[in-house]
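Okay, so chain A shows up in both of these, paired with chain B first and chain C after.
This part shows the complex of A and B:
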């Protein structure tokens, strides 16, 4: 099975439980189970090749420019982890089906679980480190969902947030480290990076990269001082804890350290950072675990301790230690998953997991007792179980390792941790299952149905088999994974129970005896422990987070105080300053174009424009007057377009001007008519200064541009040359719009349509709120006109309507060859309809409106799209236009072009958008009892004439 | 003529910026309109100025044409700027009707939340 499919299957499968939960909980669980099983089988098909030492690759170039390619590879290490993730995932899916109660949304659970599983598989199979980082973040996110699965529990939510904050920030650090690493190696592919050991370790950036990557790994794998999130994540349902904290989430950090081991390990920096952190974590976790009364907390701290152990082994940097680390990863996954599940069973059956309230369960739960005893003894390191084997290897390695010249620090502390580890393992057995039967359990516990104990039972069988026949069961897997970590030349090691009388054996014996001793003295030790002052991680974390939140809030409040005028001022000053800096530091070539003579007309136009613009500024407090003046500005602008050889622009500008002014007038109807004086003189002077500089900047820039020639030949040469030959039109601007850059125009009309829909939606929202009542009771703030619909105006506009539409049609049809086209025709048609609204009133006009404007916009976009797609049927790219000529007898040569159809789409979209925007605004004005039902007082078609007669 | 156009762009920009820095929504919209003119004319002028040379192909004679590309870009820009103005006007109107004032700067009382 392709590696892509293996990585994708859990993600694809995540959809099914969410959907199938309607078909029942079994359907949801089995869909999750089957997807996982399928991925697992796919993985196992690669097993023979991987165990032979081959590396399987699959790659697709995605964004090669960024070095981001979807490359997967499967070697021994990836295979080991993928096996754990999918295999234990399968067991968890079975277990969770029986663990979760009726009240828990099971579809969600399995969806989250599969998302998480997919992210984990993605991490271990990624070849590209950027992709690995993406999956890494995905595990943080999906584990957040899983840990916070019981949303009603505040502990669940806090634990989830803490896990996300800690692992997520570690992930951020790791991104930095990985980018540095990729930079040094010159590639973001792991397979390449792993071959650049010398270059990476010689680089001055080695230490920063190492620290950043280790931050990611340590936070994920709960290493001291980031270990605190793991126990708090125990608020999750037990299947989640069993999955995340035995085989997957926390192992991701270890995986990464093992993956990067070939290039990062072997230096003193690596040894002192990694081995020391691991050692401290191992001891600390083991000590705390002994004094936890909550079964899951005990297991959580023991997990922290074992993660520390593996980290320490990786930190030693020797090959044999790496083998031991790989072996312990397998062993820990088996016994710890079984233990978490058994803790869940106890909780499920006895309704408590407080050790102080338990005891004597062996009589009531013999099956669970058997499972726990095997798994716990393995955790304690008792032969012949698998935990003993890897613990022996660890002790052996610890014995040979010196720390800062001292021979006893590491062995001594390792034995201490082993003593505590044995003690808490024994405690789980002794205080929960041994002892007299009690009569104060919350409910009477008994063994659970097979569904719950089958999964852990399978795991403890593995614990025994690996212990008895490690070479046969786990040997090939260990050697394949170890090969992937340390290279081809595996050191001699043997996974067997009896190595003779070695120092490790003595140390093991001390651990077991010490553990029994500690357990017998547990009460005294506990009293002593409780008397010690201990920092509470959660309190510190919350204080830290709250402090950060306060600082961030203070910072953003200071910068982001809600004063939009201030933001605008800062933005303009900054932009102007930046442009000025660019101008000062750049070079300006000498002018190459001479200034053209201006005739009388341009000067007159200029004077009109300047006077009108300045008057807008001076008189802007009188809003109506300002609106009139801005109309003058628009008029001059459109005349200048016409004068400067842009007839299309002139037509567009003048028609847009009309609709814009109508729109603003409609809005002004509801708004205050005057702007009060608010800003003090000093601030106004400051604003004037800013605006003068902005104006000087833009004016100077365009002047400099206009007096120089094009830096390179403009592409418009091509447009001019091909407009007629290739596009069949002589109006080059229109041909550019509908043909050369038709795709732009297509996007353009969609944007316009969206803008109109936004306006419509805003109107709906506003009219749906309590504003509506205010509008209905609004008293006009200005005197109304005596006659809302003057006779002359009504008659004139109705006569104009067909004329205006004909002008629109004319402009539309000639657009391909002469100034005009869909945009302008659409605006003219819209103005024709707006005139009816203005003269005859909203009610009259909308009564006669047959098509919804939404539909007109939509049909316009669809027509344009369909025209574009028509090109596909001729095997041409989207929007390729075709044209030809027909000679109609008695008429002129007639051109047809698909571009005209496209222009029709533009036309409709423009009409619809403009009308929808204005109609939405006009709806604000509607009030009950308005005397605008009839546009004219004398109307032969008056429909209430009949009613009057009836009343009479 | 270039001087006239450049100074017009400058004056339009300066006036627009000044109005954008006012405290009520309506002058800000007016300022945006002025800046829209300025930007459109600016973009148009990047094709350099020409009188009497519209980009309408003459089949019968060799004549000069001005640059058509900025015109096509500005044409769509004009239409889109109508869409933008309409949305901004709508937002300003909605804000005024809900908050019963048309100040654009938020005060701490506004941040506390007015649900309408």
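This part shows the complex of A and C:
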């Protein structure tokens, strides 16, 4: 099976549980199970090749420009992890089916689980580090969903948030590290990077890259001091904990360290950072685990401790230690997943996982007891179970490792951790299952149905088999994975129970005896532990997060306080400053164009513009007056467009002006008519100074621009030359809009439509709230005079309507060759309709409005899209236009162009958007059922007149 | 002949435009200002048509036509606002 398919299957499969949950919980669970099984079988088909030492690759260039290629590869290490992820995933799916209750949304659970599984498989199969990063972030996100699965529990939500915050920020650091690494190696492909050990370790950026990548790995694998998120993630349902914290999520960090081991390991930096962190984590986790009363918390800290152990082994940097690390990854996954599942069974049956409330369960739950005793003893490192083998290897390696010249630090602390490890493992057995039977369990427990114990039982069998026949069961896998980590020349190692009387054996014996001793003294030790002052990680974390939030708030509130004058001031000062800096540092060429003489007309236009602008500034507190004065500005601008040979712009400007005024007046109806003085004089003076400088600056800039030729040749020459040849139109502006830059226009009409729909949606939301009643009972703030619908205006607008629509059609059709086009025509048509709304009233006009404006917008966008897609059928790219000529008999030569169809889309979208926006605003003042007194309610069909006559 | 006639007309309408502007800026009543603005629109139509005649082109005709056809809509909107507060009832 292709690696692509293996990686994609969980993602594809994630859809099914969500859909099939309607067919029942079994259907959802089995769809998830079958998808996983299929991917697992696909993976196993590669097993013979991978175990022979071959590397299977699959690659597709995705975004080669960014170095982002969809390259997958499967070597021993990837195979080991993929087997764990998919294999234990399958067991978890079975287990979860029986664990979750009827109230839990199971479809959602399996969808999240498969998403997570897909992300994990993606990490271990990725050849491209950028793609690996994407999957890495995906695991953070999907694990967030899984940990917070019980949304009703505050602990679940907090735990999920904490996990996301910690692993997400680690991921961010890792992105930096990976980019540095890719930069040094000159490729983002792992297989290439792994060849460049010398270059990477010699680079001055080695240490920063190492630290950043390790931050990612340590946060994910819950290494000290980031270990605190893992116990809090225990608020998740037990199947999630078993999956995430035994075999997958937390192992991703270890996977990464193992993956990067060939290029990053072997330096003192690597040794002291990684081995020390692992050592501290191992000891700390083991000590805390012994004093946790919550079964899952005990297992969580034990996981932290074991992750530390593996990290430490990887940190040693020796080949044999890496082999031990790989072996322990397998062993830990088997016994820890079984232990988590059995803890879930106890919780499920006894309704508590507080060790203090349990005990004596061996009589009540013999099957669970058997499972737990085997898995726990393996965790404690008792022969002949698999935990013993890898722990022996660890102790052996620890014995040979010196730390800062000391021979005792690492072996001593490793034994200490082993003692505690044995103690908490024994405690799980002794305090939960041994001892007298009690009669105060929340509910009397008994062994669960087979569905719950089958999965851990299978894992426990593996624990035994690996322990008894490690070479046969796990040997090939270990050697293939170890090969992938350390290269071809595997050191001599043997996975067997009896190595003779070695230092490691003594250390193991000390651990077991010490563990039993500690367990017997547990009460005293616990009292001592509880008396110790300890920092509470959650409190520190919350304080840190709150502090960061406060800092972010302070920063954003200072910039973003809701006052538009402040935003404008910041932006204007910044751009003016930037331009000034550019002016001071750059060079300004001498003017190449002479200043033209001003005619009388432009001077008069200029006077109008300046006077009107100054008047707006003086009178801006009277809002209506400001609008009237802005009308002057609009008029002069459209006149100057004409004068400066831009008739298209002039047409657009005139129609936009009208629509804008109508929109503003509609809004002003609900606003105070005067702007109050809100800011002190000093602030206003400051703003005046800023705006004067900005105005002078932009004026000067434009002057400088217009008195010089452009530094680079402008694109307009190209457009002029190709407009008729390529676009079939002589109006270059229109050809640019519908052809050269057709894609931009397409985007713009979509945005326009979205804006209108948002206005509509906001109106709906506001009118649906209590504001509606206040609007209906609103007293007008000005005295009202005159008719609502003056007869003359009604008649005039109705006569104008067909004329205006005719003009719109005219403007539309000539647009390709002469000033005009769909946009202007749309505005004109919209104004023609608005006139009816204004004259005859909202009720009258909307009654006669047969097509919803939403539909008009939609049809416009669809027509434009369909026109664009039409090019595909001719094997051309989207929106390639075509045109030709037809000879109609008796008529002139007629040109057809697909661009006209596109323009029709633009026309419809503009009409719909303008009308929807205006209608929405008008609805605020409209009162349903309001009688229109003076509207000329004459039915054009004159049915009523005919009926009247009949009656007479 | 046409040239001097258009020049003369230009001056007349330009002066009219300035006088309108004076009223827009300084009139006592808002209604006067709106009326002055409407007159400015009419003068602008004249200027565009004249400019077309002087330049011997019909390209400005549509702009003049659209101002003539739609320019009154904003005047109506302003006045409806003064009279009724709500321009679409």
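Please note the rule applied: the second predicted complex is superposed on the first by the 889 of 952 C-alpha atoms of A that agree within 3 Å, B and C clash if a C-alpha of one lies under 4 Å from a C-alpha of the other, contacts with A are read in each partner's own complex, and residues count from 1 in each chain.
Methods note: contacts are C-beta pairs under 8 Å (C-beta built on N, C-alpha and C of every residue); 3 or more make two chains touch, one makes a residue touch a chain.
As the structure is a computational prediction, the values presented were derived from the model and not from experiment.
Residue contacts after overlaying the shared chain place A:668 against chain B and chain C alike.
In the superposed model, A:842 makes contact with chain C only, not with chain B.
A count of residues in chain A touched by chain B and by chain C gives the higher number to B. Looking at the shared chain after the overlay, A:647 reaches both chain B and chain C.
In the superposition on chain A, A:580 makes contact with neither chain B nor chain C. By the touch criterion defined above, A:788 reaches chain C but does not reach chain B.
In the overlay built on the shared chain, the residue A:819 is in contact with chain B and with chain C. Of the two partner chains placed by superposition, only chain C is touched by A:834; chain B is not.
Comparing the two complexes, residues 627, 643, 647, 668, 818-819 of chain A contact chain B in one case and chain C in the other.
For chain A in complex with chain C, the touching residues are 600-601, 604, 607-608, 611-612, 615, 624-625, 627-629, 631-632, 635, 638-639, 642-643, 647, 650-651, 654-655, 657-658, 661-662, 665-666, 668-669, 780-782, 784-786, 788-789, 793, 800, 803-804, 807, 811, 818-820, 828, 831, 834-835, 837-838, 841-842, 918, 922, 925-926, 930, 932. By the touch criterion stated above, chain B contacts chain A in their complex at residues 1-27, 29-30, 33-34, 37-38, 40-42, 44-59, 65-69, 71-72, 74-76, 78-87, 89-94, 96-98, 102, 104-108, 110-111, 116.
Remark: chain A residues 561-566, 568-569, 572, 593, 595-598, 602-603, 606, 609-610, 613-614, 616-617, 620, 623, 626-627, 630, 633-634, 637, 640-641, 643-649, 652-653, 656, 659-660, 663-664, 667-668, 670-672, 675-676, 678-679, 687-688, 690-692, 694-703, 705-707, 710, 714-716, 719-720, 723-724, 730-733, 736-737, 741, 744-745, 748, 751-752, 755-756, 758-759, 762-763, 765-766, 769-771, 774-775, 817-819, 823, 827, 910, 913-914, 917, 920-921, 924 touch chain B in the complex.
Chain contact summary for the complex, chain C toward chain A: residues 10-11, 14, 17-18, 21, 24-25, 30, 33-34, 37, 40-41, 44, 47-48, 51, 59-60, 62-63, 65-67, 69-71, 73-74, 76-78, 80-89.
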